[in-house]
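Quick heads-up: structures coming right below.
Consider the two complexes below, in which chain A is the common component and chain B and chain C are the respective partners.
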Partner chain A sequence: MPDVHALVNDFLIKLKRRKIEGSKATAKVTAEVLRSFISQQRLPNTNQAGALIDAVKAVGEQLIAANPVELAVGNVVRRVLHIIREEDLSLTAAAIGGLSLSAGSDDEDDVGHDEHPALSAAAVAAAARSTLRPPSLQTLLEDVPHTAAVPHTSSSGGDSEGKSKSADKNSSTKRLKHNVIEAVNELIQDIVTCHEQIAEQAVEHIHQNEVILTLGSSRTVVEFLCAAKEKKRSFRVFVAEGAPRYQGHTLAKELVTRGLQTTVITDSAVFAMISRVNMVIVGAHAVMANGGVIAPVGLNMVALAAQRHAVPFVVLAGIHKLCPLYPHNPEVLLNELRSPSELLDFGEFSDCLDFGSGSGSPILHVVNPAFDYVPPNLVSLFITDTGGHNPSYMYRLIADYYSANDLVLQRRSAS
Partner chain B sequence: MWYRSASFILDQQQNDGVAQPESRLLSPTAPSPSMAETPQQNPKISAYYQTRAAHHGVVSSDWLAQAQAAVGRQADEAVSDDSLSLKSGESPKAFSVIDEFNNWRKQPELAEAVAAIRALASVIRSSEANTMMELEIELKKASDSLKSWDTTSISLTAGCDLFMRYVTRTSALEYEDFNSAKSRLLERAEKFGEISYKARRIIAMLSQDFIFDGCTILVHGFSRVVLEVLRTAAQNRKLFRIFCTEGRPDRTGLRLSNELAKLDVPVKLLIDSAVAYSMDEVDMVFVGADGVVESGGIINMMGTYQIALVAKSMSKPVYVAAESYKFARLYPLNQKDMVPALRPIDFGVPIPSKVEVETSARDYTPPQYLTLLFTDLGVLTPSVVSDELIQLYL
Partner chain C sequence: MDPRRYSRVIDPKVRQVGFCPRSGQVQNQSGPTGPSTSPPVSHISPSSNSLSPVMIPPPRHPSDAASRAVNVPATATTPLRPRRPSFDDPNNNSSSTEQLVVSSYNPDESVLGTSPPFSGIGDDRDGDAESEFSDNSVNWIRQNDSGRFPLSLAPDGRFDSAAAKEKQSKKPQVGSRKERGGGQTAEVRNDLPSESKPLKEKTSKAERRALQEAQRAVKAAAKAGGNKSKAASLSAHEQTNKAAKLPLQRKDDGPVTSSAAVSERRGGERPPEKDRKKDAPAPRMQFDDKNRVEKAKKRSVVKQTEARNRVELFRHLPQYEHGTQLPDLESKFFQLDPMHPSIYKVGLQYLAGDIRGGNARCVAMLQAFSEAIKDYSTPPEKTLTRDLTAKVNNFVSFLIECRPLSISMGNAIRFLKSRIAKLPITLSEAEAKSSLCSDIERFINEKIVIAEKVIVEHAVTKIQDGDVLLTYGSSAVVEMVILHAHKLGKQFRVVIVDSRPRFEGQALLRKLVKIGVSCTYTHINAVSYIMREVTRVFLGAASVFSNGTVYSRVGTACVAMVAHAFHVPVLVCCEAYKFHERVLLDSICSNELGDPDAISKVPGRMDINSLHDGTNKENLQLLNLMYDATPPDYISMIVTEYGMIPTTSVPVIVREYGREHLLI
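Right, the complex of A and B next:
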């Protein structure tokens, strides 16, 4: 236990000080920390899934609070919670299958009990299905009594079947944790290999003699373009430099070493050059539930230019970047202000930025936001490790990977 | 000769229909002779909108008298027609469905769909069936008679369909005996009223994030859900102000501004035509919905489409607050593609009889003008609605 605590605290400090850069790295470390945390957890005999979920939620809240702008942390926490619920459901379904057989043989004299396991089997399955899926019209009428009745019947069924079930329970204790950890390993594997999976689809989208535009630098985009190059497509790339960090320069260098013809332009020239471009391909920091994109600063402008000239705007994003929340004020709440030294040299502007002299507050302010919000109507296509999707399809992926109960992790005090 | 769309065929049929009002047994055609300024077309006065106006509008007393007379006549009609069209053994039950429904419907806090489900629950309670199949058939008859009594109300239809769907699915799980199944259905139907209240609270909670301090919200129509949203925001000490459209002819804006003034929220009343003029000061538009259709669009009080168009052209988000039982299996292709729901409009001065009045009470807002829907199923984009409906009805 102590080493897990130390691990978590270490990670919290790194998050607060923004030492970990990039959503992929953050997602991977979060998953690993949660995996160690789960393996160290000691679970009670009954309702293990609930206890595990509560423990992971508690840790998850801390992690999210450390860096609220890095949405990948919250995404991974919610994925793990969803995994726990799924594994619990499949284990329960398997156990019920065994339970109904044993019930038929044991309690032949007690008619009431005979009906109970059969009732609880269907009821548990139905309720479990409904708790796993997001709330829907189908479950509208089922919702109220089922969730109250189900734990009751399953626990009473467990008490009556005492000994025959306890053997099952001990094995299922270990099996839940084991299954969950296996699934989290798969999750980590998916996060690590997301670039390859996305790059596999490159050849479908990039055709011969095309001109691609991108801004700044993204690992996913590099892999994507190089995969197309490997399949012997010849195309040109326009790279907008991405002020103030000028990561476009490093991207251009890398593309040249791989043998792609590259042109470097300033951000301001994007509107001028967009008419000569066939497609815009960019990476993202996070994808929100409505299909909107949190992307490096400058991409909103590129998206608007692309829409104006009817150029497809394609966003590459691994599934760990998909966030189940809706952005209600993304420019403010999901943005980070970086150091003004990236824009202005302190030496030259020291008299303007001096807080001590004169009236106290300087007239010159420098704002250096890190991210832009691109609304969903500007995005043509999302390419994820599972394939290409429309922005309006994002909600389906969310339903597959996240549970509705886990969406609100922070507000426990609210009604 | 003015009509360019295919719907003029429908209008012509209605014109023919004026000559034979008796042909439709359960439709509310009785009030037509009582209206002095009736246009030439057959006015299918919508009972749904009459009720809403009675609950939420500031009504003039003579209109109220007309409305009450109309409702009274419909109930009488329902009695006489039910005894004509249905078997004698079942007519007391069918009579009680519509009567029950009318009783529930009059309560101002109760949603229409909840009233429908409560009425159907009373059918179950008074039923003498011995098998699920028989019960289902009775319920289907009752549901059909409710739906045909007021064809214009979408939440009524949707509520009935939802309950029927639930009944058929429950009976598929044949693990209970009939009496326990029946009592479970009854219990579930009674609980549906709670679900409706819970739904409003869930919607209010979900939309809190979208209301930020210092925002200006434009509200159209009197929706109890939207009122709950604003009430919760006011209780959470958020600072915002409301622009409220007047909402002719129901004058919903006056009623809404009364309620908001009680909450100490700054309110500004706009006449309906002043919406575009004030739209640049507005941060978001909040409306309720009478029904949410399969395309993701909404059917709401007349004027919503206009406001959504203006908001879209000025890039303002339009948020809809609707409970999930308002999702309906309709797909209107244009404004006239729905069952007409007409409302009497009082201009205050007599109108010459040659002048036509557009009395439709509602319009259809297509999904591309809506930003998000807040429902008890969560925050949804308009494209999710058809998915939900397919899941339910497939």
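Right, the complex of A and C next:
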């Protein structure tokens, strides 16, 4: 137990100090931390799922608060909560099914589950989703007065039914945790391999002699382009360097070593070059439910230029980047201002910065935001590991991965 | 509007585009301006800040010219006036043609009724009535093309009135209206000859233009109107001309109107064709043309090695290895005797990047030319005009080798060459040189220094208290606008957007912070973040093309685009001498490539070095574009010394004033 706390605290500090960068790395570490947290969690006999959800939520809140801009943390926390709910649901479904079929077959059913646990979680979850959703809609409707009357426990409202049903299933005490951990493992696996799945689709999107523009650096984009290259497509890539972090340089270097024809341009030349570009392929920081994209700074400009020249603007995003929230004023609220030293030499301008002449407000501001918001109407296509999607479809895709009960995680701390 | 309009009789050259300013204001704008003369512009209530009346002050108002500190011969453009008498008014069209037709005749010819002295030149002069009209205009053009324009203006003007009177007496049926018009113009002309006399030679081009204009106008009127009366009167008038002046001509009384139309079309179209062909800029050097590149290399002074790993799209642009030319040139300093040291110096400064910015480069070049001309002496057995033109060509090609010319420099060189070509032969060498030097000085003063001041006066009216101005990079004019607005005590904030690789905005930032303007500094990538708080965008320009495209420092298009997306007005400040008649659609066809190594190096960021070792790799290219083309629809207005105009009016400026710099 203490080492889990240490683990969480360590991660918290890293997040706060922005030691972990990149949504993918963050998502992976978050999932790992949550996994060890769940495995260490001691569960009561009754209402296991509810207890687990509450515990995970408590940790998740801290993690999100540590770096509210890194939406991947919240996404993974929500995913884990969703997994817990689904596992719980599948267990109860199995139990109900077992009960309804025959009391005697109960043991067989359990044995059957134990034989292939890794497969069971996903399969049963999917089955539960398909079989239980329609009735659950009904229960949801029936539950309306119930949840409305008790808004505080709305999050555990779903659990209450689980509690009542799982109460008689003492044998599933360990199974829930086990299944959840298996599912989280799968999630981690998904996060790690998401770019491979995205890259598989590359040949469908890149044709011979294409000219592709990208900005900044993204592992997914590199894999995507290289996958197309490996399939004997020859095309050219323009890389905007992505000041002030100049990640484009590393991207260009990587592409060159893999044998791609690469041209590095300044960010300011994006508009000049985009008229000769066939497609813009970029990575994202996060994808919002409305189809908007939180992306590295500068991409809004690129998207506008692409729209002007009717160039497709394609965003590659692993599922851990899908955020179930609808953004409000994301340019400001979901942004982060980085150090001015990336833009200006302090040594040179320190006298200017001190020029405030006692009025309190400095005469020189340096604005160095980290992210841009690309509205959905500028995005032509999202390519996720489940395939290509319209921006307008993202909300539905997201609904598959998250439970509606978890959308607001910070509610309790606020109330 | 009407009371403010100038009477055409006074200055028919002035064409008002849109609304026109009060006359007092006009003088303020085009005269030398200080803060004291600003009030008419700057003290106008904020309502005048909503998209303003487009003001194109008349470039040469007599009183204006007189009051100008610079010694401009007001006479320079006056010969234009009689030639374009008020095309706006369709009623006057016929009279204007009449005048022009009359004036295109040699005095002797009509008075004496003999065949014209140019009949030898016009070979198709077999008395064909149909070709008569065009024949005349051909004569006209030939006169001018041969460069010896034998018609002195003074007799011409005087004779015009005489001819008009003569016609009045001879053919009263032509129409009283026309007579009035003719008489009026004749009167105007009568007081011109004395002042237009000394500069007659410089006006040939303008004269030709005026003729075209008139003919075009007539054609339009004849076509559009379709009313027989006008056409008939026209043809009647033509016939009177023929009858009076060409008695030998075969009469063809058939379809009069149609023949008149045909002849007019011929007469109207042929000269512009010729003129345009000559005026169209020669195609620029395309550097993917191997033969020509080889030739150019043989001629070149600066030894340059072509950059190895070039971007396929930009093969047509020159790109050389940087850093090799400078030592080579320095070592050649004492060998290149034909190159004047001042030219040499400027060339080196271009090469090293010490002089940047359209205006600075242009001024430096002109001053160097001025120096070189001062030290110039015509070699024996050569004429100054020819030899000096060759010299200047030499200088220019040297400068091009150092760095491709900017549009502004091209225009300035065109101006200088035309001045040299039009030097009167009668001038002594010393006089010619001093006249050229003063011309250059005047060009710098009028087209750059004063123009900038006027632009500042205009642009400052668009800055209000509480504004947040955004500017990109470092434009000299925009800087002056901001400084002036600050001096006027306006309260505003400036956002400076900057970009790699030169970070020119930092210099501007330093200056503005020093004088206490509140600044925000950011990168071009963050422009859409910062744009929501911006109320005006001020941009500079390297050139404005006649389709409204603004050619400027790379990144300007991005800023304008984002501003457009956020519905922020974009004002481009640009002197009119940078306008060019060429058109441009994208940033690829015409551009300049900078040092590619500047891309891989990030000054002050030692951690970013991934491209250092990779630059020699075959697959990696570094592209350092210098300019880009901003589409006209992103630009709300262009602020020039002639007023604030929409991009659609750029061709008007080019047309109306573009040639004017030949006539300073």
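General remarks:
Just so we're on the same page, the second predicted complex is superposed on the first by the 338 of 415 C-alpha atoms of A that agree within 3 Å, B and C clash if a C-alpha of one lies under 4 Å from a C-alpha of the other, contacts with A are read in each partner's own complex, and residues count from 1 in each chain.
By definition in this document, a residue touches a chain if its C-beta (ideal position, glycine included) is under 8 Å from a C-beta of that chain, and two chains touch if they have at least 3 such contacts.
Quantities reported herein were computed from a predicted structural model and do not represent experimental measurements.
In the superposed model, A:42 lies in contact with neither chain B nor chain C. In the superposed model, C is the one of chain B and chain C that contacts more residues of chain A. When the shared chain is aligned, no partner comes close enough to touch A:232: not chain B, not chain C. Once the two complexes are overlaid on the shared chain, A:19 sits clear of chain B and of chain C alike. In the superposition on chain A, A:343 contacts chain C only, with no contact to chain B. When both complexes are overlaid on chain A, the residue A:404 reaches chain B alone and has no touch with chain C. Counting contacts as defined above, no chain A residue meets chain B in one complex and chain C in the other.
Contact residues on chain A toward chain B in their complex (touch as defined above): 115, 118-119, 122, 126, 134-138, 140-145, 289-291, 326, 328-329, 392-393, 395-396, 404, 407, 414-415. Interface residues of chain B, counted against chain A in their complex, comprise 162-163, 166, 169, 173, 175-176, 187-188, 191-192, 194-195, 201, 205, 209-210, 212, 324-325, 327, 372, 376-381, 383-384, 387-389, 391-392.
Taken in their complex, chain A has these residues touching chain C: 236, 238, 241-244, 246, 249-250, 252-253, 255-256, 259-273, 275-276, 297-298, 300-301, 304-305, 308, 331, 335, 343-345, 348-349, 352, 355, 357, 361, 363-369, 372. Residues of chain C touching chain A in their complex: 311-313, 498-501, 506, 509-510, 513-514, 516-530, 532, 553-555, 557-558, 561-562, 565, 586-588, 591, 599-600, 602, 604-605, 608, 610-611, 614, 617, 619-625, 627-629, 631.
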